[in-house]
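Shared chain: chain A. Partners: chain B in the first complex, chain C in the second.
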Partner chain A sequence: MVFQIILLIMLAYVVGFIYFGLYRNITARIQGRYRPTVYQSFYDSIKLFSKKQSVSYGWMFYLGPIIMATGAVLTLILVPVFSDSDFLRSVTSQGNLFVLLYLMVLGPLGNALAVGTGGNPFGVMGVVRGLTRLIGLELPFYIAVVGLIIAANSSDIVHIIDMQKIGGLNIINHPLLFIGAMISMVGFFGESPFDIPGAPQEVYSGPRTEFSGKFLALLMSQGSLFAFAKLVLIVDLFLGGADSLEMLVLKTFAIFVSIIFIGIVYGRYKVEQAVDFLMKLPTLIAVLGLARVVWFG
Partner chain B sequence: MFGLDKGDKMESGFYGSSLKCKFEESGLANTHAIMEKAVRWFESRSIFVVAYGTGCGAIEMPPTFTSRYDAERMGVVGVATPRQADLIILSGYLAYKTLRRVIRTYEQMQKPRYIMSLGSCPINGGMYWDSYNTIKKLDDYIPVDVAVTGCMPRPEAVIDGFVLLQERIRNGEKAGWEKYDENLKFYKDNQKRVLGGHVDPAYETDWYNLNGGGIA
Partner chain C sequence: MNSIFLLLNLLPILFLYQFEGALHVSLPLTNEFTLSLIQTPLGSFFAYLSLISFLLVTIAQKSKKLSFSYYALQFLLSLAMLAIVLAGDFITFFIGWEIMTWSSYFIISKSNNMNIKSLQKYILFSLASAFSLIAGIVIAYSFANSFDFVAISNSFESMPFNIKVALIVLFSLSFFTKAGVIGLHYWVVDTYSKAPDLFSSILSAVMSKMGIYGLFLIYGNIIGYHELKIMFGTMLNGTDFGYVLAWIGVATSIIATFKAITQDEVKKLLAYSSIAQLGYIVAVIGFGTSYGVAGAMYHTLIHTIIKLLLFINVAAIVAQTGKNKFSELGGLIYRTPVSFVMLLIGIIGLAGMPPLGGFASKFMMYNAAIDTKFALILIGMLFSGAASFLYCYKLVYGIYLGHPTSKSLESTKEVSIHYLIPQIILALLLVLTGAFPGAFIKVINPILKEFSLSTIGYDGLGVMQSAVGNFNGFFIISAFVVIFLLILLLIWRIKSKAKNNLNRFDISYCGEVPTADTSLHYGYGFGTELYRIKFVNAILKRSSSHFYESLATQTKKTSELFSRMYYGNIHNTMIIILLFFSALFFLGVN
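Coming up: the complex of A and B.
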């Protein structure tokens, strides 16, 4: 089982970094630039891990990225990656959607503690913006997840996948829940209308301002692991999971590309605009979807 | 600047000195050399730049990094903070006041770190050769790795500078930050000569004097 977990982390690391490489590629092409290589994020990660110095401000500064990475890895191993195989089934059966929703918030909180120790005002500003955004971001996503739990009558993700095999995909059965969840997923990926915590040209790198060398490398790595975990979660919840590696890559990539395209097209909201928007339109859509589930099944 | 002086630094990385000793003891020096070479290659392929826009050269930076010349295809990306940066581009003349900030920014960067200067002014003063408050030769105050000449250099020349820097990193040539560590007294004396007795970022000097863990 430990071997499977290591295998999964390696898979997520490689796929995550290649996805981010593709993200940079696609962004470059849309902006009319040439493009970096697909492996560029991987190069960056190795370079940052091999930096000779990393500035530190005490043990809490060390713990922050580690807490974030813990949240990402736990999310990753608790989400069922392959629907039909026994791959890590003994671990994924331990967790359910409630645990996952809790783990998804663990990272930002760990980050907040580390950034507070660093004392950089831009970092603190970024964390405050991030946590404010989280208020709006979680609402539509949680409502969508509650709708799915009611529809499947279970909070077990494996059960939700199995239900989709019998009754059709959730993206077709519950499109309103899907739209609500996807809008907040754009924010969870830090994409453009909601990229307020690390807003470039505004608060420098936001929470990451003070992180250098291997701390930054760890943050980047956990970011790609977490991104992969979130993509797999969306695929499991709405697209019926994936039974092979090809299907997994295809489905996660489809979700990823749609998120990228949304991110490239839009400009950035202000903090209060983002929270306002997230609490109105996506929440309304998700609530309508929930009402549809409750009254019509 | 922001009360960041408290930070203490630690040595780390693939080829920290203790690791090197272990490799040499166990007769794996060859493996170590190969690993070092690989790491150098990755370092050359990924350069994070903090663009310090002094003087007129700042205008050459946007076309270098955006659609027209796209430095990202060589792995050269702009970052917002010196903590994450590998390279600082000083794009033009430096007044004494600017030099203070530049030294501070440079010392906040994490090793290995490099400096690129644009234009004639950082080399010999350029058109500010007789100015009373401008430094004439930047290399006396902080170690410049690549000096791109021109008044101002076009983005092609800047990209040529990136390529030269990448080759140097790949070949493992002695970089400016190593010279800075070895000749710290020379650089600090020069800095004090123009900036007065108090050079703003005292922590780097103190760190060397106290052998690590120093808090200024």
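Coming up: the complex of A and C.
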């Protein structure tokens, strides 16, 4: 089991970083400028792990990225990666969707403590904007997840995957819920128009402002692990999970690319605009999907 | 003095050594009225809750010099609460309720911050609650010919429908006022924030729970969830009644959450958060399912632990620094590290994050909502939970993180050990309730039997079973700790030195160097974004104070109208009133 967990983390690390490299690559192509190599994020990560930090703000400042990484790893091992095999089945069956919903926020909150300790007002501003954005951002995603739980009558992800094998994929059965969840996902991936917390031109890089050296590298690595976990979660919930590595890469990549394509064409919302928007159309779409689930089965 | 009352607080445990049936006293007053104390599982749950809370708060009070009368009143209050939760009839219940009101009123009035207006608010709302309660009791007596809970419960079925509804409304209003449901919460914030700092923890953790106990008593024991289902019909998999109640609870929790975020005073934030958390309990209490009751019970326990912890923590900080606003605090993390860790554990619980008990209780409530298919209620609870992260972060950031806002804060020392002992106990309890949710199910199953609901399964002490999935608290918390330690070790091994930052102004600041005059603490600005969001602004700009103030003005005008009739001679006025009523009487007879 321990071996499998290490394997999973390595897989997520590699896939996550390659996706991140591809993201930079594709963005550059669309914007018509020179692009970095796909492996650029690896180089950055290794370089940063060997660099020294510029400043220290005491123990709490160091614990933040570690809590965030813990949250990401825990999320990763609780999401079923392969639907058919027994790969980590004994671990994933311990969690459920509600645990995951909260674990997804645990990391950022842990890091917010470190940001606060750093004492940079821009960092805290980013955190507060992020938490304010969360009010709107979580809403369509929560509704989608609740809809799926009620439809499957179980908060166990493995059960939700199994249900899709019998009754067809959720993306086809519950398209409205899928649209709602995807709009939230754009924000969870820090894409425009919801990339408020780390807005580079406004609040430096928000929560990451003060971090450097191995802690910045840790934040980057957990980011790639976490991105992979979120992609797998969406694949599990709406695309019926993946049986093999190829299917997993294909399905996650499809989701990933659609998220980037949405992100690239939009400008950034202000925080209040983002929450206002998320509370209207995406919530309405998701609620309609939910009403269909509750009243018509 | 403190030690004596500490021992006195331990005394009732002698009579409550079992969970059920250890105590059965009845004292006949006349032929008709009997005062009785009976220990039921529901009663003992709340009795233990209040006993332990009083014990912990008394430990913390050792750090203060308090008078004999203060301790005596507090002891009286704890006895009154025991009388409420162990009462076997409404007379005992009401006596306990009144003593609770008066003893707490006198303790609150001892506070230096208290003003007459807030005191009046408290006593008026308490009286309204008591009047509503006594009205319900009298109506119930007129049909059952007894004050005994069992007798009233037996005759409830045969009462006319409108009387049943009247009883439910009267009792609910009374207990909603105590719990601070939105609209009736007008007194809560003022009282909690202006009461003596340590006593606020009693108000929020225990006294508000008496309202919750009352609701359980009425819905579960006296009326019975089954009867509620028959009376009002069902909706989806729950009851109509539960659905209406759930919306009241969800509205309470959402509105109070947003109000909490915008507060500048620490204890006001905690007071609003208390209202919001009780909103969750009210939301699931009417579901009438095992999970609903269990979720409400679990959250009652968790909220008591968290609010004791947070209020004691804040009381210690206020005592140490003399400041009680976020805009005046900040940067205490390395000056009071133990307090910081305790508050951190408290807010992790308050936010409902997985490794600790806060999540277990929320999971139970969410499951209850899934079970009844009340999807929108569940969304409302999740939404309010997401918004509550903001006030949790404000609480820890405003006090402990960021920069100190004044010179005097930089020399703050760690708080007294008497404040820390109860906090450490409570933090441990919070960890245990998160790691062993199954253990709590064991406690709750007898209560479910008392309400004649089906019991809930558990797998060992670590796993809580539910209709839609299990939660292995023990696995989650141990996995979290193991992964955390491994990553910590890994990062530790990677050698990279950092220069120790001695100057707190050494930050990236747009290429400029901030000075001591630069305002760097962001605590004050928290929540200003919310006013720009239309939906939230609509909530924030409304306030129940408008309603109550206009009500007060109207009452004043009406009484002015009556006072005009009085022209100085009491005899003549009385004769006129007498004639008026006799005229009415004769008209009525004819």
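Everything below uses one rule, namely that the second predicted complex is superposed on the first by the 295 of 297 C-alpha atoms of A that agree within 3 Å, B and C clash if a C-alpha of one lies under 4 Å from a C-alpha of the other, contacts with A are read in each partner's own complex, and residues count from 1 in each chain.
Following the convention adopted for this analysis, contacts are C-beta pairs under 8 Å (C-beta built on N, C-alpha and C of every residue); 3 or more make two chains touch, one makes a residue touch a chain.
Only a predicted model underlies this, so the values are computations on that prediction, with no experimental measurement involved.
Within the superposed three-chain model, A:131 lies in touch with chain C and out of touch with chain B [touch as defined at top]. Contacts of A:143 after superposition on the shared chain: chain C is touched, whereas chain B is not. In the superposition on chain A, contact of A:208 is made with chain B only, not with chain C.
When the shared chain is aligned, chain B and chain C each come close enough to touch A:55.
In the superposed pair of complexes, A:275 makes contact with chain C only, with no contact to chain B. Contacts of A:109 after superposition on the shared chain: chain C is touched, whereas chain B is not. In the overlay built on the shared chain, the residue A:186 is in contact with neither chain B nor chain C. In the superposition on chain A, contact of A:32 is made with chain B only, not with chain C. Set against each other, chain B and chain C differ in how many residues of chain A they touch, and the higher count belongs to C. After overlaying the two complexes on the shared chain, residue contacts for A:44 are found with chain B alone; chain C is out of touch.
Judged by the document's definition of touching, chain A residues 49-57, 119-122, 204, 209-210, 213-214 lie at the interface with chain B and also at the interface with chain C. Taken in their complex, chain C has these residues touching chain A: 236, 331, 333-334, 340, 344, 351-354, 359, 362-363, 366-367, 370, 373, 375-376, 378-379, 382-383, 386-387, 389-390, 392-393, 396-397, 400-403, 467-472, 475-476, 479-480, 483-484, 487-488, 491, 494, 496-501, 504, 506-510, 520-522, 525-526, 529-530, 532-536. On the side of chain A, the complex with chain B involves touching residues 24, 28, 31-37, 40, 43-44, 46-47, 49-57, 119-122, 200-201, 204-205, 208-214, 216. Within the complex formed with chain C, the residues of chain A that make contact are 49-58, 60, 62, 66-67, 69-70, 73-74, 77, 91, 94-99, 101-103, 105-106, 109, 112-113, 116-122, 124-125, 127-129, 131-132, 134-136, 138-139, 142-143, 146-147, 149-150, 153-156, 159, 204, 209-210, 213-215, 218, 271-272, 275-276, 279, 287, 290, 293-294. Here chain B touches chain A in the complex through residues 2-4, 6-16, 39, 42-43, 45-46, 48, 66-67, 70, 72-73, 75, 77, 79-81, 83-84, 86, 108, 110-112, going by the rule given at the top.
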